[in-house]
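Before I ask anything, here is the structure I am working with.
The first chain written gets the first letter, and so on, giving A, B and C; residue counts start at 1 in each chain.
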Amino acid sequence: MSRATAGERSRAFLLVAPLLLFLAVFFLWPLGAMVTAAVSDEAVSTVMPRTAEAMADWDGAGLPPQPVQRALVEDLRAADDQQALGEAVRRLNSAVSGFRTLLTRTAGAARDAADPGAVSLPAVDPRWEQPRFWLALKAAVPRYTDRNLLAAVDLRRDADGAIVNADPEAAANRVIMARTFLVAATVTLACAAIGLPYAMLAAAATGWVRAALLMAVLLPLWTSLLVRTAAWFILLQNEGLINGALQAIGLIEEPLPLIFNRLGVVIAMTHVLLPFMVLPIYSVLLSVPRNLMPAAASMGAGPLRAFWHVLLPLSLPGLLSGSLLVFMVAIGYYITPALVGGAGDQMISSVIAFYATGTANWGMAGALGLILLTVTTLLYLVYGRLSRSPQLPGA
Amino acid sequence: MRSAKRLALIGCLSCLLGAFGAQDGQARDLTVVSWGGNYQDAQRKIYFEPFSKLSGKPVLDESWDGGIGVIAAKVKAGVPNWDVVQVEAEELALGCADGFYEKLDWSKLGGKESFLPAAVSDCGVGAIVWSTALSYDAGKLTTAPTSWADFWNVEKFPGKRGLRRGPKYALEFALMADGVPADKVYETLGTPAGVDRAFKKLDALKPHIVWWESGAQPLQLLASGEVVMTSAYNGRISGINKSEGKNFKVVWPGSVYAVDSWVVLKDSPNRQAGMDFIAFASKAENQAKLPDYIAYGLPNKQAASAVPAALQGDLPTTPKNLEGTLALDADFWVDNIEELNARFNAWLAR
Amino acid sequence: MQPFIQFESVSKAFGPLTVVDNLDLGIAKGEFLSLLGPSGSGKTTILMMLAGFERPTSGTIHLGGKRIDHLPPHRRQMGVVFQNYALFPHMTVAENVAFPLRMQRLPRAEIDRRVERALDMVRLGALKDRRPSQLSGGQQQRVALTRALVFEPDVILMDEPLGALDKQLREHMQIEIRDLHRRLGLTIVFVTHDQTEALTMSDRIGVFNAGRIEQLDAPHAVYDTPRSRFVAQFIGETNLMEGRVAALEDATATVIVEGLPLRVRRTDGLALGQEVSLSLRPERIRLGADSVGGNLLPVTISDCVYHGDHMRVQLASGPLGLVARCERLAGDWAVGTPVTAGFDPADLTVLAR
């Protein structure tokens, strides 16, 4: 390679360097952080190195031998990083409720004791006589864990390490995730059903009509969530405009339940997400030569058949990318379902938000996010295969 | 030659980054974070602006929706970009144990004995006492409900009910509706049988519940008649009565009250100013102005007694309103929220 | 005999703008008719009305004795070749060609057979699985043509079909289309603004200007005896001269142009003192030693451009300027050389002003 091309290459690299940096900082790094958070489990081993070491000699049967208990006391005495200890406590409490108060009390006793060897843990708190606390501690020692990932799909390891279903009384992630995909799919279908004809209308229109049509579909993106929610409320509630109008013209006697149920969620989400469907289809349609439909007609295709054989296949790339966009954005929704949905309409992102902001359990948040990301990536691959016919305009 | 240029370029870039970074760290004004809405508007008038005038420096205010994860993220960033935050009881307990907050010097706040016991902690001082209570539209409901048992009684009071989505409050209310006295609620919830009992009671009402998420929703639900009664935050109820002339009523017995506290985030660059602000906002003469705007109870005893009698009736701290109420057990929820939330979600999904 | 296609008093207006004005036009079966005219002359609108994409504002159109102006395009059985081919980008060559047959719901086997035969005829059999975007312009053009032909329509309509091709390819395709026309006995209506294309391909040419037919004639008639100044100027190059009829003889007349008396063939209705225009094709002028004929003018050469197979010579005779086109001849063609220009009275076409 000549010196000149080497120079050009490095200059080209410099030009894209900001982009690469941006991708690394705002895309790859958070992704890595999420994966790490989902599987790493260092909170306990960091604060309790002695306990971790001593635990290796305990087979998990009954109560751990004296050296383990002593190591725990020493670790708690030595723990001076309050935030690190807090993290360990949160981690343990997330495994067994009550660990927080137990450890707080034990740490206090350990610090106050003159001789760490003389501290009797069951005397400090009788809960130390329950093996489940010790087992939870032992399970928290390894630096990596599949616990969060399993819990994200309602699985857990039993005492023998085999993967089993979590207690159905306290496991809803699978249901909520399935529901999330169902709602997203319904919204995608609704958007496609409305968005395709709408985009065709907008592409066929000219001048101010086209501008008005596009504006109308973009409007919900520019209004704040609260304003939109209030609007839906006014429209959809039992004494709302729609029910009022239907009752006034005598179509129904009792108000239809339009809000605080799945229907309300689908209506509201379709409203917001419609532009993500309309715009890709619209731009694909704009690139379709105007004489194709007349050409089809001249060859004996009536309007319906011309649509079916020509316009629809040609708008398919737009429909596909629109569907993908709507679906992926819809998966992440949770405020709208919370505001206009009913009890059975909570979506997985609200569970993620609960762990991330509510309890600072980033392991669970990361694991749920990772599952969501995996499914979405799979969908994207399917989309990639579907849209690989390279001759489509706009593709 | 070329590599020299490149070095210079990189140097410039890092200069720029450095400049921005430094600006962020040093020159930031005191940032106070509260819960937004009318409440924060009132706080701005009686706390933020007067304090800014007194100290001669600007006070920035932001709002948040709670969550220890938010606090943890801020503190772990090294230098938090918030200084003073008003936190709920669980966030106070969690964050204090985890070292997310600076310790307070109570001598500068007028001593622990000047405040309600529930408003005193190593890391935070109570800002308000607020209550989640059964409320209804007295303009629509002729027979007044008086207890959570009435809330559960769909024969006597037909129609939907609003509850905040989540196990917190719902479980407490369910147990009280099932006949558990207020002072035994957390004791009962502390046992697996108690939790089962609460969920079983919720089962009975499940088809009639509209779940709400944000504090403004229950008011909307009541106003539109979507629900006949709902749990709601007491401050919002008296607020809407005042602003829109509604006649919404609060049923005090069986309500759950909690204390929100001011904290200073660990390693805040404005630590001293933050402490001064907390002291300012905790002074009796300043705190006493709050009920004029919004019906929250005052943790400063002296301030509470200075509230005019006309406003006393709406405050959760008024002795008459405290009868039969329940103080939120932050420790219980800190310990059990994840497990009960998972169970609640599973229950909802069934 | 009733023509195969008949336009009767057809007008088309877009708002206040009349694009086609009271058109009467008959097209015979098996005829190759070109509609020639500048853009905006209404020729494409006529085609669109024939195809059914536009409806006449008034008047009727008959095809084979059947009125068709109210039928939608898909019921008219006309093959249309569009300006940019209008091939379906999502279909292969074979699928494109099969499309009209599928629309007729023919059996699969017959469709395949006819598509194959049609593609072989235009030598595209090897490309049948390609997509349009993988073809050259000429190949796309041939696919479009095949697609319009394959369902054996009554009429083929072509809207500037060769406009997007380069010169060489265009000439090649002209031959190919003419060949198909002859072999299959097709009725073709061909819209173009390229006069050479119209002259070389058509049986008849309709020259359009501002919504009206200026002349409808065989190519040689349109060229040799244009009936209006517009036609004379639009088709080929010409010398247009303005003059006055000064004398009328038996078979000839004398017209004074810029003070020069020119003898022209006497036509009906020519009156003494009438203001007329004269059209003289450049190739009809002979120079120097060749200059024989009824008119001989002393001129000087003011410019001379070499064109390979011919020379283009600018001549001046006082205020009168002429362009002549002659084969290369010996002699002095330097600017300023005085020569004699000669032309026959029959080569001067008299046009009313």
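FYI, contacts are C-beta pairs under 8 Å (C-beta built on N, C-alpha and C of every residue); 3 or more make two chains touch, one makes a residue touch a chain.
None of these values were measured; they are calculated from a predicted model.
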| item | value |
| --- | --- |
| Chain separated most widely from chain B, comparing mean CA positions | C |
| Chain nearest the overall C-alpha centroid of the shown protein atoms | A |
| For chain A paired with chain B, centre-to-centre distance based on mean C-alpha positions, whole Å | 26 |
| Computed distance of Cα centres, chain C from chain B, in Å | 86 |
| Whole-Å separation of chain centres (CA-atom averages), chain A against chain C | 67 |
| Chain A contact footprint on chain B (complex, rising order) | 2, 6, 9, 65-73, 75-76, 94, 97-100, 165, 206, 209-211, 213-214, 217, 220, 224-226, 266, 331, 334-339, 341-343, 345-349 |
| Residue ranges of chain A in contact with chain B within the complex | 7, 14, 81-83, 85-87, 89-90, 93-94, 97-101, 104, 168-173, 175-176, 179, 230, 233, 237-240, 259-260, 335, 338-339, 342-344, 346, 351, 354-362, 365 |
| Residues of chain C defined as touching chain A within the complex | 51-53, 72-80, 82-84, 86, 88-90, 99-100, 102-104, 131-134, 147-148, 151, 157 |
| Residues on chain A engaged by chain C in the complex (per definition of touch) | 289, 291-292, 294-302, 305-306, 309-310, 313-314, 389, 391-393 |
